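In the two complexes that follow, subunit A is the common piece, with subunit B as its partner first and subunit C second.
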Partner chain A sequence: MELILQLLIEGLLLGGFYSFMALGFALSWGVMGIINLSYGTFIVIGAYLAYTLHRLSGVDPILSIPFSFLAGVVFGYLVQTVFIRRIMTFESFMVLILTFGLDIALSHGLNLIFKADIRSIDVPYAESSFFVGPVIITAVKLLVFVISLVLTGLVWFFVNRTWTGMAIRAVALDKEGATLVGVSPSYVYTVTMALSTGIAFSSGNLYGVLQGFTPFDGGLLTVKAFLVSILGGLGRVESALIGGIFLGLSETFVGFYVGEDWKVFFALILMIAILLVKPRGLMGGKFYGEA
Partner chain B sequence: MAGLIFFLIATFFAFGEEVLRIGAAVSFSGKYAKEGELLKRGYELWKETVNSRGGIKVGNKRYKVEIIYYDDQSDPKTTAKLVEKLITQDKVKFLLGPYGSAQVFAAAGVVEKYNALMVQGGGASSKIYSQGYKRIFGVFNTAPDYGRNLIDLAVKLDPKIRTVAILYEKDIFSEDAARGALNRAREKGLKVVLFEGYPKGAQDLSSLMLKVRLKRPDVVIGAGHFKDSVLVVKQLKQFKINPKFVGLTVGPPLPAFVKALGKDAEYIFGPVQWSKAFRYKDPLFGSTQGYVKAYRKKYGEDPEYHSAGGTAAAMALQLAIERAQSLDPERVREELLKMEVETFYGVIGFDETGKINTKPMAVIQIQKGRPVTVYPFEEAKPVYPKPPWN
Partner chain C sequence: MGKLEKGLLLIFLILGAVPFAVDDPYLLRVLTSALMLTTLALAHNLLLGYTGYPAFGGVAFFGIGAYASGVLSKDFPFWMSILASAVVPTLVALLVGPVLLRLKSHYFAIATLALQLSFSEMVNNLAFTGGSQGINLQPPFGNIPFYYLFLSLAVLSFLLNLYVDRSVFGYALKAIREDEVAAESLGVNTALFKTVAFLMMASLVGVCGGLYAFWITYIDNTSVFDPLLSVKTFVALLLGGVGTTVGPVVGAFLLEISSEILWVSMPEIHGVLLGSFVVLILLLFPKGIIRSN
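Up next is the complex of A and B:
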């Protein structure tokens, strides 16, 4: 029983991170209808940004989250205006290939600059942990969980309570309709991509605190973002939360009872099962706009 | 007259600049960058020492040694490509090994295919020697000895241990080492409560740690490479797991281990191929102490076994070439098979598969931030049981 409780907490804490991490991916997918295969590498870039800042000036990776976010917004704006906007009106397949290429270019770029060594951000609280009853909780995971929830809350607020957020939802729901009432889809897409990349970069800080990383971690992270989006559905900010926690729990339990090797395998099986039974994900709702 | 002088000078230079090129593909980036760099240091020290004495003597010619290095980026496929390049483009007949069992394994196939010759001090998997290869020689005890030695030491300590948990990274070296520990533990009648692998490059072992915590083993053996050793210690501490004995196959002897972990590195055990506590005579450096002195002079720190293995491999090659009085790989191979020579590293001699079979292995423990040999030569008494993390 204690064990189950321990695993539940581990899974929940991990899931919190996955939720926030995948939010940007789900957002650009749900709103713009593009699958960004370079998303995972965006996260890794965030991790290297935090790492570099920490090494150069000792800034705690948690405190540099706003910086990473801004860097991500700028980067996302550039990616959107330079690359994606030019081709997203053609076949969606093109965007897939574009982001795939971008992923390779970026991860190898990182490899050129930082080499393939595993880097880690050594924060002073990295190894501390404490007991709550019989359950051991590692400080870093709890911290990352709480921050993930707060940031997810901020994104929720932006999407649901601000004018731009509502415009995003409007475009997601009905592009023509939104255009008729004076919303510019092109503007909304740029904002969405900037926000999505900002989320990716800032979740990179959290990723870097949680574990060591290399330039080539992006692929697996993209797969996980994909999983979270499918599990929860692309409907709302809350769906990423559900999907993330679902993935966290599944990874923890499978890792413990079946073996570390099987985590991703089981998650993918789970994804297929959910797609068969509930094609719109656990939370249903295909677009950000649907209430 | 002028023509004659020119001819004389030209032949003199041609004679003086006789060079033997040796190739090595070693990891300078990626997972094994650290170990690769240490290996290179071992090669370089050997090269400089040999060259300062006029080079390798083959018959009545002397060859200066030159080593061509390539960075295999810790990727065995790249190692194979680079070794092929060394042999076919750089026309190298003799190779020094890369670091890492998978890399050595990849290189071995290529060396064998082109009938070159490789002596390596970087791979300790027994699989390297079970392929029937004829031209691969290694100066490392094989991987199972790493695990075996740790258990051998652990069962000698008081209070007696009963339960063992073994965690390993899934690559050929670590799995071999883990199996060595597993088999020896069973032979000694210990209860192995956990024997589990994790994927290569894993950066979070939480579920595994929860399992270890649940089993409360007396001994935790971690088989992996440097990064894994740091990760295992960090996570044992993070999950407040306090076994009496923690032994890791690769990390502890490296200075970087203590640098990365600070106080948490204290009292952790690790097997070593070689320790500067060894006491042997040596044809090139005089003795083990002589080697240590030369190394310290060049690099400003004490050598550990990765570098020593590199030097020993290169030296075995040199001695065999000198004895064969020939640069024909086949003749050099015969000399390697016959060899049994005392060096700073231990007695070097090989069995018919190319594996060293004349040398012992030691276990060190981190005490006050320094690795000290505690078994089988006792530089200091082992501290046991290990105090809890603070």
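Up next is the complex of A and C:
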């Protein structure tokens, strides 16, 4: 019983991180119809940014989240205006290939600068943990969980309560309709891509705190972002939360009971099963705009 | 046949003479890889180009084919193993096809990708597939016969694409691509036709995997279920021109050879250059190099 409780908590804490991590991926997919294959590498770039700042000036990776976010926003803006906007109007899979090209270039670029060794950010609180009843809670995991929830809340507020957020949902729901009432899709796409990349970079800080990383971690992270988006559905910010916690729990339990080697397999089978039963994910809703 | 298609058949003929003209194992290896990618791109073209279903994880059948012949190669002769690399993927496709083909566009792409990754995890954890150790194979002959086998497979895939491009069967597939509901209402058995296209792709990709296993002589889950291979296939296909007969061939050769040249001339920054090259080509040819009329 205590064991199950421990696993539940572990899965939940991990799931919180997955939810926030996948939010940017689900956003660009739901609003712009773009599957961003370089998303995982964007996260890794965030981790290296936090790592570099920590090495150079000792800034805590949690405190440098706003910096990573801003860097991500600028980067996303550039990616959108220089590359994606030019080919968005053509065959939709072209953008997918473009982001793949970007992924190879960026991950190998990181490899040139930082080499392929595993890096980790040594924070002073990395080792501390405490008991809550019979359950051991690692301070880092709890910290990452809380911050992920706060940031997810901020994104929810932005998408649901600000004018720009509503414009994003409007374009996602009906591009022509939004244009008619004076919303510029091109502007909305730029904002979405900037926000999405900002989320990726800042979740990189959290990823760097949670575990060691290499320049080529991006692929698996992209797959996980996929999984979360499909499990939850692209409908709302909250659905990423459902998907993330679902993935966190399934990974923790399968990892413990069946074996670490099988956890990705089970997550994938789960995803195919959910796709077949509910092609739009557990929470349904095709676009961010559908209430 | 159009001019481009006749030209391509001529190029295939010239490629058939290459081993007689030049004795260069390196060149032969590069051309063999390019022919393999050509087959993969043409096979995916049947499904994405003509039927409109992007099997992003179609490389799953490459791995299944490779493992089918890898497992059988211990007890059975080469030709039996290769036969199995066509039959087993087709059977798997027959099982999963009708279910997966209910999904559309991005969702179909991701479900097939999940299929590929889950097979990769599975063979990595099962005993009879060698687990993470992979499988070693005994090549039955040298590089030149492999070159001809891959060349024949590429030509076969090309002829199949030509057939689909011109036949009534192909028209039905194109109708599904344009509007599935309308096609159905006009009497096209969409479920059947989609599945047949899916099976065609699976068997071609499967044989490709089986040949690859014998050619490289060692397979493990990361090499034959590699998502990078899926992506390379799609880059080749979209770069060359999806839904055309000649495009996938052009894309595959362009990608494989430019990747090789970059690799040889600048190994340190090869990855960065290759990525940038893909991005640049896309910005220059957003509709693909060869366009359908």
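General remarks:
Everything below uses one rule, namely that the second predicted complex is superposed on the first by the 291 of 291 C-alpha atoms of A that agree within 3 Å, B and C clash if a C-alpha of one lies under 4 Å from a C-alpha of the other, contacts with A are read in each partner's own complex, and residues count from 1 in each chain.
Assume a residue touches a chain if its C-beta (ideal position, glycine included) is under 8 Å from a C-beta of that chain, and two chains touch if they have at least 3 such contacts.
Keep in mind that what you see is a predicted model, and the values were worked out from it rather than measured.
In the superposed pair of complexes, A:Leu106 makes contact with subunit C only, with no contact to subunit B.
Look at A:Phe226: by the touch rule set out above, it reaches subunit C but stays clear of subunit B.
Of the two partner chains placed around the shared chain by superposition, subunit C is the only one that A:Ile97 touches, whereas subunit B remains out of contact. When the shared chain is aligned, subunit C comes close enough to touch A:Ile87, but subunit B does not.
When the two complexes are overlaid on their common chain A, residue A:Met271 makes contact with subunit C while staying clear of subunit B.
With both structures placed on the common chain, the touch criterion links A:Glu260 to subunit B but leaves subunit C unconnected.
Which of subunit B and subunit C touches more residues of subunit A: that partner is C.
Within subunit A, the residues touched by subunit B in the first complex and by subunit C in the second are 259, 261. Those residues of subunit B that touch subunit A in the complex are listed here as 29-31, 33, 73-74, 170, 196-199, 201-208, 210-211, 213-214, 227, 231, 234, 237-240, 264. Within the complex formed with subunit A, the subunit C residues making contact are 48, 54, 99-100, 102-107, 109-111, 113-115, 117-118, 121-122, 124-125, 227, 231, 234-235, 238-239, 242, 268-279, 282-283, 286-288.
Contact residues on subunit A toward subunit B in their complex (touch as defined above): 3, 6-7, 10, 14, 115-118, 126-129, 131, 136, 138, 210-214, 252, 255-256, 259-261. Contacts from subunit A toward subunit C in the complex involve residues 29, 33, 35, 37, 83, 86-87, 90-94, 96-98, 100-109, 111-112, 219, 223, 226, 230, 259, 261-262, 264-265, 268-269, 271-272, 275-276, 279.
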